[in-house]
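Order of writing sets the labels: A, B and C. Residues in every chain begin at 1.
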Amino acid sequence: MKVSKGRSFLFRIPEGEEFGAFINGFAKKHNVLIGTVTAIGTLRNPKIGYFDEESGRYRVMELSGTYELVSLTGNISIKDGEPFAHIHVALGDSDGRLWGGHLIEGEVFVAEVFVQELLGEILERKPQKNGLALWDAEGL
Amino acid sequence: MKVSKGRSFLFRIPEGEEFGAFINGFAKKHNVLIGTVTAIGTLRNPKIGYFDEESGRYRVMELSGTYELVSLTGNISIKDGEPFAHIHVALGDSDGRLWGGHLIEGEVFVAEVFVQELLGEILERKPQKNGLALWDAEGL
Amino acid sequence: MKVSKGRSFLFRIPEGEEFGAFINGFAKKHNVLIGTVTAIGTLRNPKIGYFDEESGRYRVMELSGTYELVSLTGNISIKDGEPFAHIHVALGDSDGRLWGGHLIEGEVFVAEVFVQELLGEILERKPQKNGLALWDAEGL
């Protein structure tokens, strides 16, 4: 859908916060109902997920230690009546190898975040038969 | 070059579409001549390319199965007279390992996309001696 | 902090330039004091860093050869009185494997860059006890 630009925010999340919970709280506090999120930094003990179609669930991988947050790309929309950030991350280990997937959890060591609010109709995640919660799709 | 902001679009591509073809079709339909594209989601059987300078061609890698679309970064400009999206992707396998490069082809399972139209002079890809099609470079 | 949108730039950096130095020079030339940077392309002999908390320094990894620049995410703010770009990258080798972290150095083969200027209060990196230079953190 076509959206227009709302407010923009550039900030650092305090050390020790859980990334996703912080962004969901930020969106709720500032009433950001639709938006995009990007970030770089460093995360501790991140949990990432790979969606397994057969089981309809995420396979969870718990990485231990500190990882460079090489890329973080996400969007904000409504899920269960509240603003919710869907986030994917690429994480670098101490040898420069990259790991990643759907961000389930990650403790912030450093997170420099850009949030762009978007304005438009309500965009809502609805439970699907395959186990995911998705927006209605839009064809050409 | 300096550009100004045009329209913004946030949407989910229907399952089964080929990502690049869909974005090129979207740009053509909405007359987006310059822009940026980002996305997260999941792709099936993606083909990625590594540009090999010696041969002046992309080395093509065909990944089979379903991959988390960890990051997708692209831009839209004019190639052969039509809007064309140049896209790079990072893809996560079921062990959380990342693979990626130039996106040649990828079937959408889930794709949540943000397109930002930009307005400015025509920005066109021109064939180079090295085998790539590039915009004119701009020095400082 | 809340920021507003300034100018936008989409351009290709000439072959042979060092990526970070070029962006710092670009920001200085155009007086971009706060902003975001994204890019795709190809880099030669990139040096990436992993921040090691124990030593308070980056562990430097020198990659040799040409790598697809799969994602580049960065921000611009003030460090030591001048505009400074903090950049993380994901890089793809000829087998499609991804490597990455903090971008220390990278020679441009191709770099297609989008810079978004942001306007707001001065945002400054200050030396921390842990060895990093960071913005003040903002809680909820």
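Here is the rule we go by: a contact is a pair of C-beta atoms (placed from the backbone, for glycine too) under 8 Å apart; a residue touches a chain by one contact, two chains touch by 3 or more.
Worth saying up front: this structure is predicted, and the values here are computed from it rather than measured.
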Note = In the contact graph of chains, the distance from chain A to chain C in steps is 1
Copies chain B and chain C touch via same or different residues, half shared test = different
Ask   = For chain B and chain C, what's the span in angstrom between their mean Cα positions?
value = 21
Query = Can you list the residues of chain A that touch 2 or more other chains?
reply = 5, 38, 71, 90, 98
Inquiry  = Taking the touch rule as given, give the residues of chain C at its contact with chain B in the complex, in rising order.
reply    = 5, 7-15, 22, 25-26, 29, 38-40, 42, 66, 68-72, 90, 92-98, 109-110, 112, 114
Note = Per the touch rule above, chain C residues touching chain A in the complex are 1-5, 34, 36, 48-53, 59, 61, 63, 71, 73-75, 86-90, 97-102, 118, 120, 123, 132, 134-140
